[in-house]
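Below, each structure is written out as structure tokens.
In the two complexes that follow, chain A is the common piece, with chain B as its partner first and chain C second.
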Partner chain A sequence: MLEYITRRTLVLIPMLLIITFLIYAGLELTPGDAVSFMVSPDVLANISPERLEALRESLGLNDPFVIRYFKWLGGVLRGDFGYSLTSGVPISKIVIDRLPATIELSVAALLISTVLGSILGTLSALKKGSMLDHMLTVAGMIGVSIPQFFFGLVAILIFALKLGWLPSGGRMMPGYDSFLDRLPHLVLPAFVLGLTMTAGVMRYARASMLDALNKEFIKTARSKGIPEWRVNFIHGFRVALTPVIVLVGFRLPMLIGGSVIIEQIFQWPGIGKEFVAAVRGQNLPLVMMIALFFVLAVLIASFLVDFFTALLDPRVKLD
Partner chain B sequence: MDSIKQQEESGIVKNKLQNRVLNKFFNNKLALIGLVVFTFIVLATIFAPLICRYHPGKIDVINALQPPSAKHILGTDKIGRDVFARIVYGGRISILVGLGSALGAALIGVMIGCYAGYKGGWLDKIFMRISEIFMSFPQIILVLLLVSIVGQSLWNLLLIFIVTGWGSVYRLVRSQMLSIREEEYVQALRAFGLNDFIICYKHMLPNALGPIMVNITLSTAMFILQETSLSFLGLGVPLNIPTWGNILNVAQDLSILKENWWIWLPVGILISTFVLSVNFIGDGLRDSTDPTQQG
Partner chain C sequence: MNEEIIITVNNLKTYFYTNQRCNKAVDGVSFKLKRGKTLCMVGESGCGKSVTATSIMRLLPTLARIEEGEIIYHSEEGDIRIDQLAKNGKKMRSLRGSEIAMIFQDPMTALNPVYTVGFQIIESLRYHTKMTKRARRKKAIELLRGMGIPLPEQRVDEFLHQYSGGMRQRAMIAMGMSCNPKVLIADEPTTALDVTIQAQIFDLMNQLKETYKTAIMMITHDMGVVAELADDVVVMYMGNIVESGTVEEVFKTPAHPYTKALLKSIPVLGCGKNQELEPIRGNTPDPYNRPEGCQFNPRCDYCDEKCFEMPNDFKVTGTHHAKCWHYRKVLENE
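== the complex of A and B ==
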């Protein structure tokens, strides 16, 4: 167990070094003076050329590339992400400001897709080969074929513009102070993002439930005369659930990709929307740092998934 | 028994595997429907000039935002361009991007995966690490990151899709090669002293074609979805070229979303239908070529 975790960590570290190195190389390619995203623009506005040169020296901009990289990496580890080119705000502050909105949306979507996906997947596994099973399979394929943004647009048209039940976008309004106030704003984007991810969970839950139902201990339970529903739900579902929980971690890249688009459509002020704005505005430092942030999130999540799988399932231990 | 032997000698049984694959595919109703819809849409875009009365770029401001009528089957957009013509011509670019990226990514992935998977060793390790780095980025984030570095154009987008997509094909082919490598006929070929390239590309690769075809189909669907999403955000194909995503781009405007459904709803449904048909084909291919599913 300990060996597995150590080995996994040892693989993670060179990965992180290479990725940060690539990101830094990208930053260096940014047109313009590197000083502009390393120093607050207020300082930069009234500075003499000699002082600027001294500043460059003290920032280490005249050092060789590899040394500059390690200095930058040290800064990133201490939370110094540099400054946005357009607004001059520290990038770490932008990320921290936008993070709660994105987490709120992601957690809601994860919850919706996990609950719906595992219920539908289990149903379809229990009724394998039936009409319901076929219909759910086709529905799942339709679900992954509709572009997320198109689904979002139709949802806005129906529930916000035509029926007027829910707001079409935004998150905060003047006078909002509790979560309940902004809940109506969360419903549409969370459902759109959640439903588009349900198909994958459903397919996975169906497969792992079928797998669990074919196990010997299920046959034993049946032959002992335990009622069918008890066999399915108490014995089968519990075993099938573990991989579904693991799937939550693997859905993170999908969640991030989805949130980029959904946040844009619903004007949800999260990191995804900020990222699109940065790409549109050619604000490379911000693009790079947000991308780095996302990659870190994915790598750490997959590390944690491996960790918990190893913890739960003794079979994965040592390969 | 005797008749089977005769059949075998006259070469009928030999074709049976291929027939079985085809039979299985054509017995799958969804896959068949998918193939029909796919062919229909592709043919429509190829023969676009024959079925469209208007040029997709022709501006006619006087007749802007016309609802569907006999003159314009799907109405006109904000500057009076015929929506139907734009959808049909746009399909050319969208399908080209989807299919082209999937084929390009497959070509690179197969070339590297086949050789590296067969040879193993440091070459394989290096490509494995590289693909891991590519795959640790959420796809759309990496695509947008590259768009912001190299700039926006049709060919750049195609290139970016290929660069971000080869990793999954490589891993697939590599894993296939790892199992085929252990087969006895490969040992025999090696004992004959055949060239490595001939062994892996000519003799091993054909045995891995099934999963590769499935992968190409499914990634075509994925790339079409990505192109439309990026173009919808205004970050994919430049806006002056009509693509399915670019037509939908105007729907970000809430008033168009509410009042002018004909501009965005038909094309959205068309994209979904097309991607669904490709997914059906891919699923059918998987069912018919996967030996574990054969009965």
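== the complex of A and C ==
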């Protein structure tokens, strides 16, 4: 086990290096730099080129690209994540402030989609060919094919603006910051973020459950005279679950990617919203740090998938 | 309660409905299973052996239906019409596993890979006995020991993939025997195993038959197995039983051309390598496009115009029956 974790972590390092380098290079190719966003356009027109150069120099923007990348990397390794180029706030502080909101939203969406998706998918499989099954199949198709931002806008329109049941955005009202007070704020974004994935998980869970129910061991289980619920759940569902968990793990990057959009729509003060602002502002150190977090999240997810698979399937060993 | 017979199958017809077509997989099968005896069911692939067995267990897939006939279980409390019970209803469940158990061909797919072997044995005990948790576990270990599995205390907590092929099949038999059923239906239980393991497993089944008076219905392709194990034999062809009788009768004096051809086409263990083997000529007919009358007529040497009518079940002796118009000629080897 320990050996496994060590090995996985060691594999992580080159992956992180390559991915961060690619992101850095990608940003380098986009036109403009932080200075063009820090200084307003009319000032920019009148400012002397020497002063602009001095500003670039002071921000370290004039070094060659590769040098800057390694400087940044060195900083990260020393635990110095740098400062936001636009606001001057330490990046570690920004991340610490914003990360909890994003984790809250993602975990909520993940739970909703996994639990709801598996339940609906299993139900659909058990009642194959029924009205319910057909309805869920259609709903699933709609769910995976309509873009999330559209769902988000519709949800805001209906549940926040028309019906007034839930707040349209933000994470909390000032002064009310217990989890229960915050819960109504979480409901809409979490459901919208989880929706696409719920549909995906549902379709997959249905297929996986049907597959499991067709296995020989289901017949054997029945031949023992045990009750039907036991045949379906203890034998069928339990075996159908493993591939579903794997799918959830593989879809996790989509969830994280989706959170960037959803945070924007719902004004959710998370790291995704910050990310959009940072990319717009060419705020390289911040973009890099957040990207690093996203990558890390995905890699951790894949580790968790392995872990859960090994836990659920005795034939799989972690090695 | 019937003293001698435990299961009577009468004119059983089980049809499959796929793509708007009807496959008469089992088309009027009748036989009797005797207490404490072994009945072997033989026949080519696809002739309906497994479907007959799963009909008795009421484990047919949804696209199959019992159309006609009766399956009677002669229990101590009186006769039970299995064909009339609800498929997964309470009564049927109380028979499955405890009175009638089944073991399947391939234990690798027939046992659940994510539970320990012990768990799966204990599961039957849990629903059919009043044993405590500890007693159930002890019983599972005893059963594995009885099946000749080494270190059963340890093996009981292991998973299927940790067992060898022979051990898997033993574990399956242990599972089938866990509630001392009156009937054990074994669907080609040893096809996947090598000959020594096969012999060991047959020994085990014979022991069980002696100790618990379990009736065994054994489905097989292998005539050697039949010779070794069977008390009675039924020969199936295209959904019908074409011949039935005791082993001696069927083997020594086959009265149906198909049985005769089958015996010639298969080497019998211990008969040396100079046996003359003759494959049965022609192919098994398409189940959707069956021949008129006797199903074997396109491949039969004795075929004449009479054979385009379904033959009756002719009585050769008190126990020996054959479904052939020309059974006398077949018997006399003309």
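The definition used in the following text is that the second predicted complex is superposed on the first by the 226 of 319 C-alpha atoms of A that agree within 3 Å, B and C clash if a C-alpha of one lies under 4 Å from a C-alpha of the other, contacts with A are read in each partner's own complex, and residues count from 1 in each chain.
The rule we apply is simple: a contact is a pair of C-beta atoms (placed from the backbone, for glycine too) under 8 Å apart; a residue touches a chain by one contact, two chains touch by 3 or more.
Keep in mind it's a predicted model, so treat the numbers as computed, not measured.
Quick one: chain B and chain C on chain A, clash or fit?
They fit: once the shared chain is superposed, the two partners occupy separate space.
Which holds for A:51: it touches chain B only (first), chain C only (second), both, or neither?
Neither: A:51 stays clear of chain B and chain C.
Once chain A of both complexes is superposed, is A:93 in touch with chain B (first), chain C (second), both, or neither?
neither
Where does A:260 make contact in the superposed view: on chain B (first), on chain C (second), on both, or on neither?
Only chain B; A:260 stays clear of chain C.
With the two complexes superposed on chain A, say which partner A:291 touches: chain B (first), chain C (second), both, or neither.
First partner only.
Counting residues of chain A in contact, which comes out ahead: chain B or chain C?
B
State whether A:228 touches chain B only (first), chain C only (second), both chains, or neither.
second
Could you say whether A:275 touches chain B, chain C, both of them, or neither, answering first, second, both or neither?
Once the two structures are laid over each other on A, A:275 reaches chain B alone.
By how many Å are the closest C-alpha atoms of chain B and chain C apart after the superposition?
Least C-alpha distance: 11 Å.
Quick one: in the complex, what on chain A touches chain C?
Residues of chain A touching chain C: 215-217, 219-228, 230, 235, 238-239, 242, 312-315.
Over in the complex, which chain B residues touch chain A? Could you list them?
Interface residues on the chain B side: 30, 129, 132-133, 136-142, 144-145, 147-149, 221, 225, 228-229, 232-235, 248, 251-252, 254, 257-258, 261, 264-265, 268, 271-272, 275-276, 279-280, 283.
Report the residues of chain C in contact with chain A in the complex, numbered from low to high.
For this pair, the touching residues of chain C are 54, 57, 59, 88, 92-98, 101-102, 104, 106, 109-115, 123-124, 126-128, 159, 161, 175.
Considering the complex alone, what residue numbers of chain A touch chain B?
Residues 15, 18-19, 22, 26, 29, 138, 141-142, 144-150, 153-154, 156-157, 161-162, 168, 252-254, 256-257, 260-261, 264-265, 275-276, 278-280, 282, 284, 287-288, 291, 294-295, 298-299, 302 of chain A touch chain B in their complex.
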